[in-house]
Structure formats: C-alpha cells, structure tokens
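Structure first, then comments.
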Amino acid sequence: MPYIRIEITREGVTQEQKKQLIAGATELMVRVLDKDPATTFVVIDEVDLDNWGVGGQPVAEWRREQAAARSG
Amino acid sequence: MPYIRIEITREGVTQEQKKQLIAGATELMVRVLDKDPATTFVVIDEVDLDNWGVGGQPVAEWRREQAAARSG
Amino acid sequence: MPYIRIEITREGVTQEQKKQLIAGATELMVRVLDKDPATTFVVIDEVDLDNWGVGGQPVAEWRREQAAARSG
Amino acid sequence: MPYIRIEITREGVTQEQKKQLIAGATELMVRVLDKDPATTFVVIDEVDLDNWGVGGQPVAEWRREQAAARSG
Amino acid sequence: MPYIRIEITREGVTQEQKKQLIAGATELMVRVLDKDPATTFVVIDEVDLDNWGVGGQPVAEWRREQAAARSG
Amino acid sequence: MPYIRIEITREGVTQEQKKQLIAGATELMVRVLDKDPATTFVVIDEVDLDNWGVGGQPVAEWRREQAAARSG
C-alpha cells in the first residue's frame, strides 16, 4: 500500500531513469517492509528550476553562487 | 477547510470531468463532515504516464503485462 | 491508479465517517473516470487545529472572529 | 530542514515573484524557527485553473459567480 | 535537491527499518540521478489504518475481505 | 486560493511560533501575489525526527556527525 512521491528538479531525467527510480523505490519497499509491488505507487514530480528554492534562492542562482564560492 | 488532492495519470481528463470531480469531492465533504464549500479546496494533479509507477514499472508497461497475463 | 489525499482539521472525525469518505472518494473516481477501486488509494490526513491557518490566523482564532463579526 | 510547498493557481506568476516567494518563505523559517537556509527547500506548484476547485466549482467559474453576486 | 515522501500505513515500522528506508531512498537518488545526499530529503509519513483506503474500504477491512476471498 | 504546506521536524515548535508561521506565510502571499487571506490555507506538518532523513541518515544521526566533523 505504499505511496512514494519523488520530487526532483526538471533537468532532463530520461524515461530509462524514471523506470529505474520506479523499480528502485518499489524494490526498497519490498526489501525493507515486505510490501506488495502491485499496491505500491511511485509518483515522480518534476519541478521547474525557477520553482525550486534552496538557501533562499532559486536553485540555478544558488548553484552559481556555490560554484563561485568554491572557485573563489 | 478541507484540502483535497486528486492525483491521476494524465490521460485526457476533460474539463467537464474535472468539474464533476470538483463538485463530487466538495459534495462529499458537505455530506459527510458538514464542511463549508466556500472554504473547501480541491486540487487535481495530472501526472504523466512515465512518471507514475505501480508493480515496480511505469503504468503503461504494467498495463501491457497485466493485459498479456489475462489473455495469456 | 488514483491517489486521493483528504486533509481536514482534527476535530473528532469518527471511524464511520472515515469509511464514508473513503467509499465516497473511491465511488467518485469510478463514476467520473471509470477507475478501478482496487488500485485507488484514499489517504485521510487529520491536522491539529493549531497547525491549520486561514485568514492569517490559526483556524480556532479565525472562527471566533468570524462568529464575533456575524453576531457583531 | 524545512520543506515548504506553495500551491497556487497558474496565473502568470513572474520569475521575480517566484524569487520573492522563495526568499520570503526561507526568511520566515530563519526568523521564526532559526532554521538554516542551506537546508530549507521551497517548492512552488502552479496548478491550472481548471484543476483547482473552490465552492464546488472550478476557480474561474466560482470567481465569475462571486463577482456577479457582488455586483448583483 | 530531491524530496522523497514515503507514505505507509502505521503498522509498527521500526527505527531500524526507517533508517534503511532513508538510506535506500537516498542511495537510489545518488545511483540513478547522481544527486548530492546532503541536499536529499526523505520524509516518512505513517498513516493510521483507519485513515488509508483501498478498494473503497479502510485497509483493514479490505484485507479481511481479500483473505476471505482467497480462502473462499 | 494558495495552499501552503510547511513540513518541519517535530522539535517543540510552540503555539506562538505556529501563529507566526501562519501569519508570515499568509502575509507573503498577500504582499507578493495580492492573494486574499480569507482563501489562503497554511498547513504545518510536524514530522518525527526518526521519520526525516538527510544525507542518507535520520536527522539526529546526521546532526551528530556534522557536529563531530566540525569539532573534528
């Protein structure tokens, strides 16, 4: 009966990667909690970069600043 | 004050069907819990087929295998 | 395959009412979208009154002010 | 460690407004709960008008009726 | 930056199992999408059995009927 | 019409702090998007420490290791 929601930034995740995320998340439920795959839902939500914030900034901006700080 | 979130696969749900989902979900809150429709939110989230997994597989793949098993 | 999340304030919803919410939400998916009940999830999330805000206030406070305004 | 999800109707929110929402929500966590911005996520989910219901109706319809009632 | 939400029924999941779910979900993000564990959130939401419905019924009831049908 | 969900670890957030979170999140919607407070929901979800993971570990464990690394 698990419902697993995977929220990630929309950055070109391929169909094959989505299959691996679905298979991997389901396998995890089976392995750890002995859940039935047939009633295990996995939903992947891809979020535009402008719509995801960390450190008080949109992700793209935050990454630029992190990179600049590292190469500072 | 209810917030109802309806997550479904993106498979051509019509505007009229969305109206029925919103009306039906709200009516359910009024009937069972005597909630005020004016402060009842219904949000419909349509998820791409590739982004929804069941049985460890993307839905489309899972359906094909289920159909094959039935006609097996 | 629908996943329906019903978020309501924690105000003594009975087991019977929860059964009606689950049955009603599932019936709505069957009636409007011809979904399979066996793969339709309904999750009810009861939220403490202090943890739900509307009008910029916790619900209990907001309701008191609404009532006072009406009887004003 | 906060995760803040802001669900709004898709009505032309600008990139600049999204930056303000991300900055404002993060600042709120820092100010009230002394959280670390670097591990504070803000996710903005824009929902199509047809997919958001209030008062048992899609938002656009509900707004028209509210406007008509006011000018009634 | 992933946020992974694992919703399961509240049925005595142990602290050790929760650690495995967190580790497994994070490892999946690293393996498939090369994400940074330090900015990968995993949230486990345990839902009371009465609050989770499948097949139009509360889970406990649905399971009893499934078991009866199998041993029918 | 906004719905704002604030997920935080369950670490003794006071009633007063919850009021500030609700007021602050609502004020942000009014200030940036000119939303109506009367139809702005804020929901605070407090998550047990064991149920929140970062860096592939439960938060408490991750914090201990971060502290040890800093004082290393």
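Order of writing sets the labels: A, B, C, D, E and F. Residues in every chain begin at 1.
Note that in this section a contact is a pair of C-beta atoms (placed from the backbone, for glycine too) under 8 Å apart; a residue touches a chain by one contact, two chains touch by 3 or more.
Computed from a predicted model, the values in this text were never measured in an experiment.
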| item | value |
| --- | --- |
| Selected interface, A-B versus D-E, where C-beta contact pairs are more numerous | A-B |
| Intercentroid distance (Cα basis), chain F paired with chain B, Å | 28 |
| Distance between the centres, which are taken as Cα means, of chain F and chain C, whole angstrom | 22 |
| Where chain A and chain E are represented by their mean Cα positions, the distance between them in whole Å | 16 |
| Multi-partner residues of chain C (each touching 2 or more other chains) | 1, 3, 7, 21, 25, 39, 41, 43, 52, 54 |
| Touching chain combinations (by label order) | A-B, A-C, A-D, A-E, B-C, B-D, B-F, C-E, C-F, D-E, D-F, E-F |
| Sites on chain F touched by chain E in the complex | 7, 47, 50-58, 61 |
| Chain C residues within the chain A interface of the complex | 1, 3, 39, 41, 43 |
| Interfacial residue positions of chain B with respect to chain C in the complex | 1-9, 13, 17, 20-21, 24-25, 28-29, 31-33, 35, 39, 52, 54, 59 |
| Chain D partner contacts - residues on chain B that touch it in the complex | 15, 18-19, 21-23, 25-27, 37-46 |
